[in-house]
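This is the structure, below, for whatever I ask next.
Labels run A, B, C and D following the written order; every chain starts at residue 1.
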Amino acid sequence: MAPADADQPAAGRLEGRDHFLPVRIYYEDTDFSGLVYHAAYARFFERGRSDFLRALGISHSALLTEDAAFAVTQLTLTFRKAARIDDALVVRTRFDAAKGARLQISQDVRRDGELLVEAAVECCCISLQGRPKRAPEALLRRLAPLLDPGASRF
Amino acid sequence: MAPADADQPAAGRLEGRDHFLPVRIYYEDTDFSGLVYHAAYARFFERGRSDFLRALGISHSALLTEDAAFAVTQLTLTFRKAARIDDALVVRTRFDAAKGARLQISQDVRRDGELLVEAAVECCCISLQGRPKRAPEALLRRLAPLLDPGASRF
Amino acid sequence: MAPADADQPAAGRLEGRDHFLPVRIYYEDTDFSGLVYHAAYARFFERGRSDFLRALGISHSALLTEDAAFAVTQLTLTFRKAARIDDALVVRTRFDAAKGARLQISQDVRRDGELLVEAAVECCCISLQGRPKRAPEALLRRLAPLLDPGASRF
Amino acid sequence: MAPADADQPAAGRLEGRDHFLPVRIYYEDTDFSGLVYHAAYARFFERGRSDFLRALGISHSALLTEDAAFAVTQLTLTFRKAARIDDALVVRTRFDAAKGARLQISQDVRRDGELLVEAAVECCCISLQGRPKRAPEALLRRLAPLLDPGASRF
């Protein structure tokens, strides 16, 4: 019989300020050049941010009940090496700053420790009408000890 | 320190003829209706087929070196229940028949055991010029004991 | 100066019972095999259904104000020929039957008239809580003259 | 009867240094927040770059015959306003610099003239083995008169 958690999706692990999420490259992530499609990494980074928050006990479905979701306000992706079908990658996520509605996150994707893609991300907490709103207190409280002490906090 | 395989993507598990792959619902999988976008399941089923073959030691990158890839020739999806953001789903995959270039697969997606979506899939092994070709022997040999003994084999 | 509608997206055209929507293949639609990824067609067919309804003056945003959206309940895709990067395809859409919450649609994708992929689709009108509900009267009334007179109507 | 080009996909138009491509928002582009998923814009910008080159008579399939494709090396997206289902957007694309293997492009997406998202993009011409290579002469020659005379050219 399978262990109780055999069929749970990998949600990564927190280690210090870093969250690590493994990601597999499937057909859907590649393009005709044979490499991973550049916009696929934006999806991988979003998975990393979601599972970082999940590790803190904060789910999008719970945020929804408080009329809160996230919108990306700025995203910079720097591509250093390419990935290919079947590759096993790891998304590293750090929340650097969180103040009011705004969050700053730095992320990268590696394969066997080798840096492939870096991301600098700014997100904003929004209501479902699309307006910025202060992030829920529980989220800000749980993020606080994991933020970058040297970050400007905007 | 993390265990050696802490950062490996979940690739599911084989149990009898069934392969089970856990899948998480992220932002990328949903649409404005609040539910999972229907075409996202086609991606999940493809992940299940890929990881079934991976469990047999057959990767797409290795198939590429034999000038072989897969093309879906028929796909029937039957949607019974909807999934939402954060849901933890399980893709079940069975290879029913394999003959020459052709493969028949049956799959479903469940949440806590409840059936959400079923798939009947026919695939064809192709060369990278897009022409059907007999599936590699290693693949046919390893699949053989896992096929449905009662299936028509086309 | 550009004509007034120079920057409007192509929304296709109705001719008899058929709606024709041109679709271009971009990087995002392909995979490492060099061909169009099979699930991309599910997206193209959805575009065709949306623009058919748009040609009748029915938008998803207007349906939202009546708490109505669509969920696909069954989708069968039959793949006959592959498409590649840069291809100019045409999605043909016919609404065959509409009764209560349910719609039956037949579609195909062609390149220079050659059949590539066929789709048989069943959709259901749902509330934003995900429950089936009778399609809005305006939609049923405008669809009525375009349906297949010989269809079973479920 | 439909005009000869009735079923051609919109490929946009060049006006001075600017290329304008209309894009429609479909189900596939939205997420459960009700807004357009942030990574969808990366796809829209890629469509804009592809159709800019198409307007110069340069297709990806022709580049393939010269063993050339494009890889994005840096992408910065700045999100100012959100889009929703059914919106008709326009992608504006300018190639600012092109030297050797490298291209610099600036793009934005607007709705009725209102700025929604801006993109700064660096691309690299690669061989199908993934190595940087000088862009084909025809491409560099046709781009030359459209580049930003004040750009640094790297």
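Everything that follows uses one rule, which is that a contact is a pair of C-beta atoms (placed from the backbone, for glycine too) under 8 Å apart; a residue touches a chain by one contact, two chains touch by 3 or more.
In this text, all values refer to a predicted model and were calculated from it rather than measured experimentally.
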Legend entry - Between C-D and A-C, the pair with more C-beta contacts: C-D
Inset, instruction - Find the chain most remote from chain A, comparing centres computed as mean CA coordinates. - result: C
Legend entry - Size of the rotation, in steps of 5 degrees, that lays the CA trace of chain A over chain B: 180
Inset, instruction - Could you grab the centroid distance between chain C and chain D? Build each centroid from C-alpha atoms only and quote it in angstrom. - result: 25
Legend entry - Separation of mean Cα positions, chain C and chain A [Å, integer]: 33
Legend entry - Residues of chain D engaged with two or more neighbouring chains: 27-28, 32-35, 39, 43, 46, 60, 64, 84-85
Legend entry - Arrangement of touching chains [line / ring / star / complete / other]: complete
Legend entry - chain C contact footprint on chain A (complex, rising order): 27-28, 30-35, 37, 39, 84-85
Inset, instruction - Enumerate the contact residues on chain A facing chain D in the complex. - result: 32-35, 38-39, 42-43, 46, 60, 64, 69-79, 82, 126, 128, 130
Legend entry - Contact set on chain A toward chain B in their complex: 2, 6-11, 13, 15, 20, 22-24, 26-28, 43, 46-47, 50-51, 54, 59-61, 64, 84-86, 88-90
